[in-house]
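Shared chain: chain A. Partners: chain B in the first complex, chain C in the second.
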Partner chain A sequence: MDMAPKTLETSRSEILSTVDGQPLKKALARTERTKRFKAILLVAPLLTFITVTFLYPICLMLFRSVENPLVAENMPQTLEVLQKWDGKSLPSELAFAAAAKDLAAARKSKMIGRLATRLNFETSGLRSVITGTARKVKKMEAPFKEAMIQARSQWGDVATWSTIKRLGPTIIDVNYLAAVDRGYNVKGEIELRDEDRRIYVSLFGRTLLMSLIVTVASLFLGFPIAYLLASLPLKYSNLLMILVLLPFWTSLLVRTTSWIVLLQTQGVLNDVMVWLGLFEDEQRVQLIFNAQGTVIAMTQILLPFMVLPLYSVMKTIHPSYMRAAESLGAHRYTAYWRIYVPNTLPGIGAGSLLVFILAIGYYITPALVGGQDGQMISNLIAFHMQKSLNWGLAAALGGILLGGVVILYWLYNSLVGVERLKLG
Partner chain B sequence: MSNISLPKHAGLVEKCWHYAFVLICSVVFLFLIAPILVIIPLSFNAEPYFTFNESMLAFDSNAYSTRWYEDFWSTEIWRQSIVNSFIIAFWSTLMAVTLGTLAALGLSRSEMPCKGLVMGLLISPMIVPLVITAAGIFFFYASVGDFIPLTGTYLGVIIAHTVLGTPFVVITVTATLSGFDNSLTRAGAMCGADPTRVFFKVVLPLILPGVISGALFAFVTSFDEVVVVLFIASVEQQTIPRQMWAGIREQISPTILAVATILVCISILLLTTVELLRRRAERLRGMLPG
Partner chain C sequence: MSDKSEVLVRFESVQKSYDGEVLVVKNLNLEVARGDFLTMLGPSGSGKTTCLMMLAGFEPVTHGKITLAGQPINNVPPHKRDIGMVFQNYALFPHMSVAENLAFPLQVRKVSKVDIEVRVKKALEMVQLDQFGGRRPAQLSGGQQQRVAVARALVFDPALVLMDEPLGALDKQLREQMQYEIKHIHENLGVTVVYVTHDQSEALTMSTRIAVFNDGVIQQLAPPNILYECPDNAFVAQFIGENNSLSGTVKEVKGKNCVVDLDGGGTVQALAVNIGGIGSRTKLSLRPERVEVNPVSGSLPNVFEANIKELTYLGDHIRTRACICGQENFIVKIPNASHHALLHENTKVQFGWSIEDCRALDG
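This part shows the complex of A and B:
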């Protein structure tokens, strides 16, 4: 579009316009709008795709952690009666009759198994109570209270009824409470679980600790080689860079397998130690299938993510800074610590954050080489997804982990900028 | 760039520091590369062990064999997983490259609103722990299962791998576009080419190195992915990583080392391609002499 003003003599008060007589301001705004629209149009396919197949699924998972339709759908009459229940003594015959009806209906609609499992996650032992009673309920006659307590004595416990009442709402917080080792007691107060069932808080702690160790270890290992790569002439540094990039491109499973081969008791490293005479054949050390094996393998796997940002920052530090410091009388090492290292801080920050973010969500390596004490939070999420099928708890654990990752990612984005992510 | 070499007048302390530094660097490089290299000779072990025996160290030719490679090739399930891995990686790469390149083109325009937020969202599949992504996709596929069956289908795995691959394409192509001279597209338009023609004749050839390395990253991501496959695929979509996973967990056999060696060769091939592309791009931009 031709945007030249009509004539040079146009007075200041007159509105500038294009050749076809439109006000220039309007025409410019329109082109601007078209351009913006075009840019959005280019991004739209991927944004839609990611929203549908990634963001929406994650919301779906988060919703799983609070939704609880099973009890409300399958024990509606019981819940209605229990609404007026004081929660202190056993409920009346009315509640027992309603429960008997609900259980019979649930057995008919084949939902009884899932209902029993759901209640069992909250109070273990309830599975057999529910399924067992449901099997007998058809032959039961009033009064149901005696008949049900006779069938399964747990119906005489206040706890059983309070569990049912507590799981009544369709939106619940028990999954998140369970994820931080807490639960409701009979009185309806939140309290810590029994000592032997407290696993998640310490697991979160261990996950953070292991990720921190991996981050610090890769910083200490990555700093010298990043410095070497940044200082060498390009000819050599390009060659050495391949040694950093090859692990980056090698399959995670291959690298994990290699660590098993290297570190297991009959493995290469132990063989070398015995051969060197450092210790006897019987003294072979268990280096893998425990927490330290996981840390070693994860450090090697994540090290390139530390080296690359460090390298790209070190590349930009001009050597004249160091020369200036030395000419002002600083010793070479003083200059190094007080001038060079502080200048690498952006790289240290970027690399550490990235390694830490990637480490706390690690699953494959801990699962394969972690043994008992090297498991991380992701492993337990996978366990609840695939083995125990307690999807609500898996989603709650995932929600907490995701919250942590999102905060760190936001920090990374505002400190480093996601567009500066380096991939070799 | 500071010079790393030791000055002639260096004192004893400086010399010690220098050699200590070289030693530390060598150890770290060894730490990085040894685990990858050690499995290559071991995969030719004639015995079903995971360590070097005396005859191997003596380079006795009887101690080496290709039996694990033959075992790999003659096992139906391994052959099937190789085919599956290539099919899934090919289609998800194609989708990731198309979507990712378009998005990168839009993101690098100055008119794009909310650039930081959109970029952050598009990169997030790379940052979110795989278990969470896999669980989310699992629930999603289950909820739409009545309309389109995605759980246990090739399409389902391909879509999930596309999600995981796109961030790499977006990052590499955006990086290439950051040095792109926009007057070239205007020049193309002035010569009478329509936008599509300008894209294919002017823009694409210039950003091709970025697109190709993004594609290779997306390919490797899919080729190496196991968590999503574990959550949503059925036996039919058995991939190499899935099969290796099962192998390491259940009956560890040296066949895995043979597979691992093959995978290392593939990654060397891919790395070489990316490095050559990167150097070509740098040379074209005048960053490297010759």
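This part shows the complex of A and C:
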């Protein structure tokens, strides 16, 4: 009795075919294929858009941080000669002759300016050496060694030649080394820059510290608001929600500049303090154009990104949890700390991660109100993009920032789990 | 039985209003004896849950006094009342394991670690979940979560346990099973339970006494059998079980009995339970299973001709809808026994009933 249906079932599961005899899996795959195709069609416009405007530029930028075509293209003969150079004493006349030829060619092809700039990023002062020598190289005669050293004494330095040789490869790591305040010395070893030229590591540190302060501050300010939002009756919470979202409808620039109005030495806050007699007219405090101002303005601007994920998590915490805890004998505060707060952790995680990631890449606000010590790494990236035109270094700095965010995300994922992330 | 024993909970002329305009609970007086299983039964909005929340301490009392074991508790915060509570959605803490959930009330009472372990284990055994202490509530089925919630409300040995429609989220079969489990736990532990539900069969199954709420007032407070057999008013008769309601006017009162002229024609002799004087309006309540088909002539005082409209086969009985004395929806339950009457739709039969089964209630 019992055996018959069992064998029937196993034999069925072995064949598993449709009525007309095709394998069931094939039939299923065919019917699912149209569905999948439709799904891809729906995603395609956005995917294309993101690839073209987001992924491709990022990849291009990251590649720029390691690519280095200028020296290889414009000083090919010099580099060939320098291949056999020991790097300890000055190279032979052959190298000088090759350099002279290369410089003349570069001047002719109008690449000399860019070549000079590139070499100057690595060893400052080389710009005038290259351009100056290039101008005179036509009239030079052999021996080039003496002529060139006479034209610019730096040609007599081993360092100049090792810089050229070091920048020879088309893929190099000097940008990343520069981004962490390191570089090659004459002997080709990696070493720290001189103390007065170390800026990036401390700036990364300050960026992280300020982002951390902004994150913690917005958590402390945002948590009570989110709690209120989640526990108020709907008609009040809607109004409060509009107040929370209001900043989104105002331009970032307007919000930042209004902080200047409020916080500057002759601003509203200082005026009120003096008027209240809290301190004298001469004691007005500098609240903006420094790190403090950056933190205050950024906290206000990033606050909604903390409030919204927190709110969405708190909304799902049923009030009966708190009531249950109280009925079980826990004081309101105990219940709050042991039951309510632990259940908001996914929201705290999501909000903090969001605010922190946005903060470390923030640009406009520190640029406007940061002054000297309120600058962040993004401001320096902008500087290298727009002013010094050292795109390679800017890309390396950006690459490190991106890497940091990815590591952070990975950490969060392995500690808390991204599936617990709730953004609203 | 428990009427004479010690009173644990007493509501004294308790009133409750949320907006200062409407009374949700109107002058409630209620006593719950120690060991009682009292169910507050009523339609939604009848004030039963509000009463429970006032007792638990989550809603302030607008007027009146609630005492627990003789002590007024109006101003005692919920966490000091020592009342266990089972919520509609169980309210198990999702970030804690089952064992941690059970340990929570003991931890906040500063019970020693060793004691906690023993009592949690005992509580888990009581609800047959010994193997599930390490699981998260989300990994349990609805019925198991329900059991954990009950165990958590009992683990700190409260004198009183409140249950707010705890079985509402379960399917029918599980609900019936849990009803018996809760009933047995109550019997074994002797704990006092105040239970809120809108499901009358749940109330009838578990309770020692039932308070039927409507419109902020207790309509009747009685053990289940009294409530069903002897409803005090038309609301209770209609709310508990199935009921035939016949409207009419009192014609004559003879001691315990009365004679009622029905609106649809016919004169019925009934038990005068809750009526005004002669000429007042009344509703007669008659249970569908108390109607006899084709009674022996002369055996019953009330016999009328009925026209069978519809027969519904329901297994254990045949539900018959008939037209009698101008009443279109007169229901009779004919048991599916070997000698049951064979009826056909659109035929005429005689229906009869006794005076005791026909209660004249308020109109």
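Please note the rule applied: the second predicted complex is superposed on the first by the 377 of 424 C-alpha atoms of A that agree within 3 Å, B and C clash if a C-alpha of one lies under 4 Å from a C-alpha of the other, contacts with A are read in each partner's own complex, and residues count from 1 in each chain.
Methods note: a residue touches a chain if its C-beta (ideal position, glycine included) is under 8 Å from a C-beta of that chain, and two chains touch if they have at least 3 such contacts.
Quick caveat: nothing in here was measured; it's all calculated off a predicted structure.
*Asks:* Please tell me, clash or fit, for chain B and chain C sharing chain A in the overlay.
*Replies:* fit
*Asks:* Would you sort A:343 into first (chain B), second (chain C), both or neither based on which partner it touches?
*Replies:* Only chain C is touched by A:343; chain B is not.
*Asks:* For A:334, decide between first (touching chain B), second (touching chain C), both and neither.
*Replies:* A:334 sits against chain C, while chain B stays out of touch.
*Asks:* Mind working out whether A:372 is in touch with chain B, chain C, both or neither, as first, second, both or neither?
*Replies:* neither
*Asks:* Taking the superposition as given, does A:83 touch the first partner, chain B, the second, chain C, both, or neither?
*Replies:* neither
*Asks:* With both complexes overlaid on chain A, does A:325 touch chain B (first), chain C (second), both or neither?
*Replies:* Only chain C is touched by A:325; chain B is not.
*Asks:* Once chain A of both complexes is superposed, is A:124 in touch with chain B (first), chain C (second), both, or neither?
*Replies:* Neither partner.
*Asks:* Going by the touch definition up top, name the partner, chain B or chain C, that contacts more of chain A.
*Replies:* Partner with more touched residues of chain A: B.
*Asks:* Tell me the contact category for A:35 with respect to chain B and chain C: first, second, both or neither.
*Replies:* First partner only.
*Asks:* Between chain B and chain C, what is the shortest CA distance in the superposition, whole Å?
*Replies:* In this superposition, no C-alpha atom of chain B lies closer than 5 Å to one of chain C.
*Asks:* Identify the residues of chain A that lie in both the chain B contact region and the chain C contact region.
*Replies:* Dual-contact residues (chain A): 332.
*Asks:* Chain A touches which residues of chain B in the complex?
*Replies:* So the residues of chain B touching chain A come out as 1-4, 14, 17, 21, 24-25, 28-29, 31-36, 38-39, 42, 49-52, 99-100, 102-103, 105-107, 109, 111-113, 116, 118-125, 127-140, 143, 159-160, 162-163, 166, 168, 170-172, 174, 213, 217, 220, 223-224, 226-227, 230-231, 241, 244-245, 248-249, 252, 256-257, 260, 263-264, 267-268, 270-271, 274-275, 278-279, 288.
*Asks:* If you look only at chain A, which of its residues touch chain B in the complex?
*Replies:* 32, 35-36, 38-47, 49-50, 53-61, 64, 221-222, 224-225, 228, 230-234, 238, 240, 242-247, 249-262, 264, 266-268, 271, 300, 303-304, 315, 319, 322, 332-333, 357-358, 360-364, 368, 378, 381-382, 385-386, 391, 394-395, 398, 401-402, 405, 409, 413, 418-419, 421, 423-424
*Asks:* What part of chain A is in contact with chain C in the complex they form?
*Replies:* Chain A residues touching chain C: 318, 320-321, 323-332, 334-335, 338-339, 342-343, 345.
*Asks:* Mind listing the chain C positions that touch chain A in their complex?
*Replies:* For chain C paired with chain A, touching residues are 56-58, 77-85, 87-89, 91-95, 104-105, 108-109, 152-153, 156, 162.
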